[in-house]
Every structure is written in C-alpha cells, then in structure tokens.
C-alpha cells in the first residue's frame, strides 16, 4: 500500500470510489493540469465529473475569491441578502437569462446537484397536486431518496434500502431499436386504462452523463416538450452535468429550442469547484411558501463570488466557439480510434465536450481508463456497465492540452487492445 | 421597497425566508459582528443557524484558506485523495476521535446536513435489511425526501407532495406530561402485535434545534441507547446543529456517555461557513460498496482546510470552558427575564449555547426577534409555532459581545411586552 | 396420518391452519354441535371465529334458504336489484337502523371482512383527501394489502412482502399501564411538529378479537369519538367480529353511545355462515362514484335471504337477554377458574360472548385448547402470542350446551395445569 | 322513479352501478334466462360478469346443494377439514389437474377474485424477496389495495385515495401498433440502468375482460413465459374471468401451452354463483406459513358442493365442443354486424365466449347495450372508455337462446346506428 494513501484506507469509509481508480494524492492544480504529491503531472479529461468546466483554479475567479475573503466579505448567509448574492443575481439575469429571452425565478437549495433535483420534484408535485414523476431509462439525478427514485441505475437504487416510489420510468430516446420511444410514452398517457397516471413532471437530461453519454436528438426533446404541454405536465431539465457549456451552450437544451418549466443547475455553476446549486423556476409556478424548502448552505457567498466571475466567460462567444471547434476535433479523433482499432467494437456518443466511446467488449473501457491514468491522463467511464470511456476536458482547454490528452488516450487504447482482454 | 432588496424580490424565488426576517443587505462580517451595506453593525446571536459556531471569518482559518487558494491547492477532488483531505482525516483522528476513545470510519456525502442524514438512513437500512426508521416528535433532519420523512414539522412534510413513508414517529423526551415516553416506545417494540416493526435505526438530536430547543435528559439518551442495543437497532445521532461544541462539547452526546452507531455532522464542521458534511460510521457497519452513495461536492478542499484549522480549537479545553461559563450566564439571564417579565409566560430551554425561551403567548417570540433586529441583534425563533426565541451566539464570543447582545434582548422584550399583543 | 386428512395434506396449500388445530373431518352441524365423519360430537365454542353467532344451520334460516333455492330465486346478481336484496334492505332499515335512530347508506363490497374494511379505508381517503389512517395496537382488520396495513400483528404484516404504508399505529385503551393512551394520541394530533398528520380516519374494534380479547372502555370510545369530531377525522368501527350481537348488542358500540361515520360488518351478518359483508356509511359521506368500488360477489342472494331471516332474532330482546345472562355466567366461571387454578396466571377479558382468559404462562392457552378439542370442545386462542384462550359460543346456546362446554373446559384446564408445562 | 327501485335509491350507497344499467328488480332465473318481478323475461348475455358460466341455477348443482343443506352439512368451516371440501379437492385433482398433467397446491383465500389476487401477490413477494410486480396495460385484478395497484383503470386507481406502489405497468400484447411490446419489456429487464428492477412476478389475464376484451396471442404468452423463466420471475395468470371455460378451455392458457407458477380462480369456479376463490400454487413455492394468509369465508361449503358438481361438465368434451362451435357462430355474427353497420366503426375482439366489438364512436356501445336491455337482452360494455359491447353468454347456451340474443343485439344495433349519435 502507498503510504500516502494509508490514511484514506484506514480512516475513510469503504464507500470512497475515485481514489480507487486514481490512487495517488493530489496537491496542486491549474487549468487542465493536476499534480500529485511527487510532482507528477496529469492531464485532466475528467473535470470533476463536470464540476470544473473552466478548468482548475481559474485565475480570474481566484483573484475575486481571494479579494472577497481578504476583505471579510460575509461567507455564510443562508438566504439573507448579501452584496455578493445581489451581484450574482443581477449578472445571471443580464448575461444569461435576458439574452436568451428566458424568465425564471432563481431558487437556491442546498449546494449540490441532488438538492436542486429534490427541490424541483417537490415543487412540481406541490404545484400540480399530482404524485408521480416520469423519469427516463439510464437517467441519473442524485443519491438522496427523492432524486434516487428518478435515477435508473439498479445498484444505486438498491442502496436506498427501501422501495423507491411515485415514479414511472419511460424509455429515453433510441432506447429500443427501430421503435419510437415516444409512441409508448404517448400511448401510456392517452390510455386511461394504462396504469400510468398523468404525472406532475417529467425529468430528463438532454445528454445522459452517468447513463452512458446518451444524447437525445433535438427532435425528441421538442416532442417531449409538446407532450408535456399537451398534458399539463411540467418539464424539468436536469442540467447539472450537461449544462454550463458542457454540450456547447450555457444551457444544454438551447439548440433544441425548448423552454423547460424548471431547470436544475449545479456542478460548474460556481465555476471554481465550490459547492453551489440553483433551481430555475417559471415565475407562475414559483409557489413554495417561504422556507418550505431550505438548506443551511444555500447562501455560500464564496460560490456567489466565483459564479459571478465565471459568467464573464459568457459575455461573448469565445468560449462557445472554442467548444464547437474542439468538440469536432475530439469527435473526429474518436471516430478515427473506433475505425483504427476495431477491437474496441466502439460507438462514438455525445455532444460538445460531453463525448465518449461505448465499447461492446466487457471491461475494455475500464482498462483503457486505467491505462490512461498510468500514462498521466485522468478520465472515467460511465454507463450501466461502465461500458463507455468518456472525455470531459475543460471547456477552455488549449490545443496543446487537448492534443497531449488525445495522444495519451490513443496510446492507452493501443496498449489495451493489443493485450488479450481478460476479466 | 428598499432598493437594495429589489433584486432579491424580483429575481429570487418566493421560497426565500431569512431575508424577510432580516431585510437588509449584508457585506462584511467578523467574529460575532455583521455589517450591512450602510455600515450598520449587528450582534449575531444566530450564527448561521449553527453553521458559524466559531463566529464569522475566523482569522486563523482565513489565513489557512487564503494560503491554500493562493498556492493553487486542489479545490474540487470528489473522493480522490488530496493532501488537504489527508490532513483533515489525520487531525480529526488525533484531536477528536482518539482522545474520546471513539473509533469511526469517516464518510463524506454531499456537503449539507440533509445529505449526511440521507447517507445514514440508507446505510442503516442496507446494513440491517429493515425498512423502517424511528424518528422523534419535533425532530428536524433536512428537506430532501429521505430526511424529510424523519422530520416532524407538518408544513415542511406537506412540501414533499407525496406521502412520506417507512418511518414511525415516537415521542421525544418529556413529550407528554407525566408520562415516560420510553414506556410507549418499549411497549411498541416488545409487542409483536403493535403494528410497529423493529426498525433499522432510530435517529435523534440530543437537543432539538428547529423543533423548539428541546433538550433530552442524559438519562433518556442512555435508555434510548440501551433500547437500541437490546433490539439490534442502530442509533443515529444527528449532530448537525447540536454538535461541534454548540451544547458544550464537541459531540453533543458526550456528557450522556453514549456511543451512537452513526453520527451526522455538518454546519460548523468546516468552521468557516463553507459547505461540508461528514457521516461517522462504526467500522463494522461500514458496508456501502464503493460509490453506492456519492455526491459531486463531497471533496470540497476549502472545507477540508478550514475544518482542519478549526480543530485547533479542540486541542485544549479553553473553548469548552468558555462555553460552560458563558452558557450559565445566558441561562441565568433568561431565567431572570422570564421572572421579570411574566407577560412572556416563558420557559427557559436548552443546553450550552443552544438555549432559548418558549413563550406561551402566540406570536410574542417573533415580535421580540423582530424588535431585536431593529435594535441591532440577529436572532431567530424556532418550534412548531415559532414559539421559542433562541440564542445561538458564537462559542468564542467575548464578554463585551455577549453583554451587548443580552442588553439588546432585554430592551426588545421590554418593548414588546409593554405593548398590547395582537396578532 | 389420518387417512381422511390425507387429501388435505397432499392437495391443500401449507397455509391451511385450523385443520392443524382440529385434525378431523367434519360432516354435519346443528346449533352449537358439530359431528365428524366418525360421528363424534363436539361442542362448538368457536362459532366460525364469530361467523356463526346464531349457531350452525339455524332452522328458520335454513327453511328460507331452501325455499329460495328451490324456487330458482336469482342467486348471483352483482348490484342489480333483486327481490331478496330489497327484502334485506327494508328489513335492515326497519329492524336495526330505525329503532336505533341510525341513518346509514348500505354499501355491499365483496363478501368478506377484509373487503368491507378496504371499502371503508378507500372511502375515508377519498372523502377527506387525506392519505393516513390511524389504527390501533393489536387491531386486526384483514389480510389484503389495505386492511393488512392497519393490522398490528407482525407475522401477518411481514406476509405482505412490501412495507405497509399510509398508516400510523396508536396505543389502544390500556396499552401502557397507568398511562392514558389518549393523552398520547391527542398530543400527536395537536402538535404540528409531531410528524403525525391529521388522518383521513381512525379504525378500531371495540373489542379486539384476534388481538387478544381486549375490550375498550366505553369512556375511551367516547373520547375517541370526540377527538375524531374535533379534528374532522372519520371514525370507522370494524364490527366484523364484535358486531351482530357478539358483545351483547347488535352493534358492539351501542352501549358506548357513539355513532361511527363508517361501520364494517361481515362474519355473522348473513347468519348462516354464507359469505356476506356490508359497509354502512353516513349519508353525507356516501361519495363513491358508481362502480368506483365493486366486487363480483357483492350480490350474494343466498346471503340476503338468510341475513334477512336472521334479523328476526332482533325483533325483540330475547336474544340480548340470553347473551346478558349467560355472559355473566361465563365470566363468573372464568373468574372462578383463574382463582382455582393459579397456575394459569390468568386474567379474564372481554365483554358479552366475546371473552377469554389471558395466561402469562407461555404456551398454556394452546395446551388447554388442544386438550379441549381432545375432549370434544372446539375453541381457539388469540393474542399476539396466542396467550388468550377464548370462548365464542353461539349467542343462542342453551344452558345444557353451555354447561357441557364449560365442564370440558375445566377438565382441560385441570389436566393441563397438573402436568409440568414444557414447550 | 320505479317504486320497486325506491328502496335501492333510498337505502343503498351511491356506489351501486349495474342497477343503473339494468333498472328492474329480478326475481327468478334459469339457465340463460332471467325474469323480473313483473314476469318479463330477459336473455342473459352477461352471466354475472363471468360468474355464471354454466347459466343460472343449474339443476344438477341445485340438487346437490339442496341435498347438502337439507342434511345439515357443515356450512362454514374456515380451513377445517370437511367432507364437502375433501370431495372438491379430490375431484379437482382428478378431473382438472391430472388430465392436464398439472401439479398445483390449492389455496383458499377469501371467496372473491380480489382475494385470490392478493394472496398471489403476497406469496410471490414472499417467495422471491422482491417487492415489485409487473402488470400490464388495461389489466383488471380487483379493488382492494394490492389488486388495485396492478389494475390499470385510472378511475378505479384514483378511488384508492393513496398512491399505488410497488408496481410497474408494461404494454400488453399489441399495445402500440407495429411495435413488439416484448422488445420493450425485455430491454427494461436486461438493462441494469433502466430503473425497472427484476420483479417478484408478472400478473396478466390471457384475455382482458374489463380492459376491453383484448386477447393476447399464444405466441406472446409463450414469450412472456420464457422471459419469466429467464429472469426467475413468477408468472401469475389471473384466470378469474377468462378461466373456467370462458375462452374455450378450463384454464384460459391451455391452448398457449404455458404453465403459470400461480393461477387465480374465482367467479365461475363455484358454478352456481356462490362466492368462491382458489389460488393454485406450484408446490415448490407453496411457502406461506400456516395462517399467514387467511379469511373467514375461505371454507364456504356450499361452494365446495356446487363447485364439485360443476366439475362434471369437464369429465368429457361436450362443453368444450359446444363453446367451440357457438363461439365461431358468435364471431361470425359480430363480423357481419361490423360489416353491415359501418357506422359502428367496429372491431371484433376476443376468444371463445369472451368476445365483443370495440366501437370507435364515443358512447355508441353503451347505447347499444341500453337498447338491448330495453328489448330484453342483458349485456354490458367494457374497456377504458366503455367502448366495447361484450357478449358473455352461458357456455351451455342452446341454439335457441343464442339466436334469440343475437337477434335482439342486431335489432339494438340497427336502432342505435340509425339515430344521430349525441352525447
């Protein structure tokens, strides 16, 4: 056992996971780079599972944060008013909502993805007076009981220790070959004998991260929105992972041209990796009573400060253009890999900087990610059987970083497919 | 409308609450003091609802945090290993667990109180294979569906929009006059015809914060522990609000001489007000599979840094002594108030720095808190009908701050009881 | 193995139970007597668990039934109108409801106790819009999921295979020594932080049969009714076992002077042992839509015929007087047994013809019942641990039958307590 | 108001339904004929919703029943052994199970369809240790909470007053045009990220009665059986309505060549319309403890007597042949009607004597049934919107009766389609 890791193995719960995939102790990070205690450098194609879309320790945000702390700005304010919060509210209105012609109220739940999802589900049930939620196959929305109930993964669901209720799972786009999953969904809703009640809401990710980098088509998303409208069902887009630029636009659903009733944001919202979450709510359904949903850390001013600074990235289209250009480069690269190494039996998936390769070969993706780590590249796998190796570089990565990462990836693939695959 | 508050009223969800009680915009804070935009100073007897036990922006922690940020220490690490995390793990072992002869594994859920509670409930169910949890009247454990199911408050429960299940509520200590609540609890467990199954766990706060500053006797806590042992029920102490010194010792249950199977910590654990939570688990029930419970912000290194620094407060007994001495002073003061102003129809409640006065007069406590805010003192009410005005000063408050706060409080009481009370 | 019982052991499910306590094949019955294939006579102090309050094959009802069948009266009519049903409706109005100044609508669910309970729970939830039901410790209401959820017995609850929900169990009268169970119940309802919501209904038996012959005091029942009124909670009396004269009056609650909102009847309602059930509903809450609750055998005309005939027993007070006189005799006898045989460590329980002795000696009651069977007396045990041997003779039993049964009972007791008790 | 119906309107609950469709008071019945008080004769194409497959008051059964009652045979025996029950057990083995090479244990729940379904669901959950059941769109299984949870009809589900849980609804055969519903089902089971857990059981009707006379293909049923075997899921066939010859064979699933793990029987099982139900259980999963599921009327000896007599119909193939020949005649007739009266926009559905016509015209089927009643024919409608008029004649109807009924039906159709349809 690595002696530096001993304290983790001795003191930390068995539930720890990433430290098992990346068994080293990190100290310093910058942009797309990470260093361990021994000074070894890693390229980061993982980005905190989508929480570090702007890379590590962005200088602009860092400066603002240090300045705030140095001046004894209020750190913890619950939902009292603070200057830092006012600044964020105004800037989010000006930089994000208004230019997109969106009109949402901002709600601050506890600062994690699962908390924003819980707030959305509760609100949808309260507003509609209905109990059921429709979720989709391979959706991932969090690990607290409410969010877990709309999450598909069976291992994670079993962890609840109780039956998860008030939820109906419907097939995501392209779930069954040659069948339009919406035909089922609509039939179930139309037929008063279907056993499926009109739900309070549907919740979905436009691109499923944990579920295996499944990207819904814009057409499917538009139809889903239409179905929701037809039946008076609220549409919740969980943009915790796919949002904040990950798929190419601030909100992942922008290019589909839809307007969800509720939007869940977290992960990269604070920009700097500090805990933060926000639920955007259509004004006419903003019906919680004061304090009916709350949370101690809903006023994390350090996050307000960095989140406001991060919005500067969205004042012009530089970042969006960078994503567009480099995304194509990554996808081209992955297509090439799949062709060049047929042993992968791979399929390229995803959109923007949320892409990956699903391999039909059992265990292969994990082997590639493990090899990559050895060679200095951080990346993870996803999908119900970890069958997808996924690439989540920082959105502002430069050519040098991207090339270096892709080179390591190819080397890892080559090394793995050459060996006979054993489990 | 105050023009500074306009952005909150226009942009933020109706769910916002404290800003309604404390309608001003805060900028700067230090220790037990807060200042608004106009430079008005407030004494803080609220302490972020227990998240700021060491006061605001403690200099020692601040220095460590700025140093860490300046050096580009890794900010967001999920459950990868980092030097900051290793330091915290070691220090928590050395300063807290070992001296108390405690042996727990540390689990890091999402960084909020409700997330640690959810992790505890899931683990208890998984380990025992049972579904029910026994909670107690007026318990408060959080707002996500799992935690909300063990929370007593009816307004908050209704916010779920679904029936909350797999939970049985039992009477807390002293719930019914002249009846020993444990007689009921034991009878229900003993009788195989009671309709109450042996639960996976009992969850309780040793002093109920939101529930109205109800302090369980040590004897009751000891009996609860014995009942749990007798029936193989796990005992979860939710020390999110009562822990980290708030009642006089690091863990609130120390003077009762009990050893819970699972402990939930959050709020003041990070010391600086940054989001953080930890679930302590008896090693033999540390049975989650890797990743079976997780959360994006479970590796908030800024919190590791300040939390480790905060532990320096516990290296000797200075802080504990300060609490003991000043707690007596506060309680004496409150007893005096109740006697001097019989119009309050008050009862002094609580322990350590978690104390308050329950008034039988409808609406009186809220009036006193509102007056106090006007006069420059931040404090809130709790209890099912907001009948308790509660005092939560920083644990390291000095005599000057304490006296000043108490003076304002008396002035507020006097002012309120002199007026005819109307609703 | 008895060769006559072989077909049962080979063909019938393991779930069969009474055939194990009374291992013989019955052929003929009359009044309080039963005969097996070999012609052995048994005195029946069991009365089909309360379904044969008028004894077996009552001649008056028999005559009416044969006449009806012979004339090809409609047998099965669902809820179409039939002459037999009209006759029952009219007679029940005239003989039962009007003289007691009661005004209920009659609803016919599937012809079993559990079906009437399910109809009552559903109706209460529909009418109030609330989801929870308050049930009481050691209540027994049936084995389908709705009724089982309000049943206390843990073995039976586990048989559900799913967590049973939407129910809160409260302590029945005298559940904990020296504590008024209503203080507890009211505290939970009053306190908005108790975790217990105002329920749709409370459901209770005035004397608990399966639960161990626990008889609620009239005072307790009156207070329960008052609590229900105060909070707008519907009161459901499950009179399936305690009703139809078993405790001395047609409805068991008559002497308590209460008027439930919903009443569940079954077992002896048909009089002849044919399946039948009826739910009585206060007219203003008779809110099911047509067919919203139904069941194929809700129109069992054979039962309408015998049930109408059985009502003749209630045209004067002969039967009630017989119960009163003989009940005292039985209770006196049981008190004498408890005194004479202190080895029983017994307590006499119950009311009317629903009485028994609870023994503190593990397994003793079952031994007495087994011995009684050997000696020609059919009786069973009840209570969470089968600790009560119970006497359920036919309400119209004559002195000879009663004396004979009691003699066998004493002989059984004597025989059992003389032997060293082993398990 | 008809004065004979007055007592029903005044005394009976609003939940009554068939009396509204057939507003007359019946007295006498024989075979396929019914007479009201005024002596008007009706042809019965309804057969007690499938509870009177052998017609009303069959002479053979009647004789046996009167003989039994006359001789004071035991009427009510719970699950004690009786000669009448032994006779039924033996005869069911000899006439039904052995010739079909089937080996089931017989379990007697409360004597209604919903009770046998509840027993099946409980047993499946107990045996597998799993909580979920897969049911199918438009399935109907009963009105108690367990059975209602697997029932599709939304009006009936809402009557529960609580969310119905632990159930997943899958599409029945041919649910969505041109899509194989099994692809969908299998995909959900295979994919560990689907959100659908491997269930304890699937429950289905081979022909859905209440759901609209939807007949599953034998191929679909075989595939369902194979899927169940593959995943270790128990297959429950609810043959309450489709069984006992209704579709042409004693068990409805015989021609499909499948062997369910659990079979639910009721309705026509007793033959005479007396309440009765039986759950057949594969011996190796016959795992209830004694009394773990029970019910007061599980030993209805009148039903044992008539059910045993009814089995004589199955000693040779006379009845089966009659069904086969007349079924074709009925179907031909219905096809002709659909062709001749295109205004119906009709589709012929069903199998055996469980057939009907689904009309696309809103309200038309109800109008036809109402007209038929006027003209002396009893028939009802089914389907989520009552869009199907269904024909359920007695299985032993003769040509005269059948022709007379079909003539009235055509007259009714003619009369209705001629009028402009209004709602």
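A, B, C and D label the chains in the order they appear, each numbered from 1.
Please note the rule applied: a contact is a pair of C-beta atoms (placed from the backbone, for glycine too) under 8 Å apart; a residue touches a chain by one contact, two chains touch by 3 or more.
Labels paired with UniProt names: A, B, C, D = Diaminobutyrate--2-oxoglutarate transaminase.
Just so you know, these numbers come straight off a predicted model, no measurement behind them.
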Checklist entry - By CA centroid distance, what chain is farthest from chain C? => result A
Next on the checklist: Counting contact pairs by residue number and requiring over half to coincide, which of B-D, A-D or A-B is equivalent to B-C?
Outcome noted: A-D
Item to check | Inter-centroid spacing, chain D versus chain A (mean Cα positions, whole Å) | outcome: 50
Next on the checklist: Roughly how far is chain B from chain D, centre to centre by C-alpha average, rounded to an integer in Å?
Outcome noted: 58
Checklist outcome for this item: Here the gap between chain C and chain D, centre to centre from mean Cα coordinates and rounded to Å, is 30
Next on the checklist: Quick check: how many Å separate the C-alpha centres of chain A and chain C?
Outcome noted: 58
Checklist entry - Can you list the residues of chain C that touch 2 or more other chains? => result 131, 155, 162-163, 165-166
Item to check | For the chain B and chain D complex, residues of the former touching the latter | outcome: 162-163
Checklist entry - In the complex formed with chain C, which residues of chain B make contact? => result 131-132, 135-139, 150-155, 157, 163, 165-169, 171, 175-177, 179, 183-184, 187-188, 191-197, 211-212, 383-385
Checklist outcome for this item: Contacts from chain C onto chain D in the complex sit at residues 4-5, 7-8, 11-20, 22-30, 34, 37, 48-52, 56-57, 62, 65-66, 69-83, 85-86, 89-90, 92-93, 105-115, 118-119, 121-122, 124-126, 129, 131, 142-147, 149, 155-156, 159-162, 165-166, 200, 240, 266-267, 272-275, 279, 281, 286-297, 300, 302
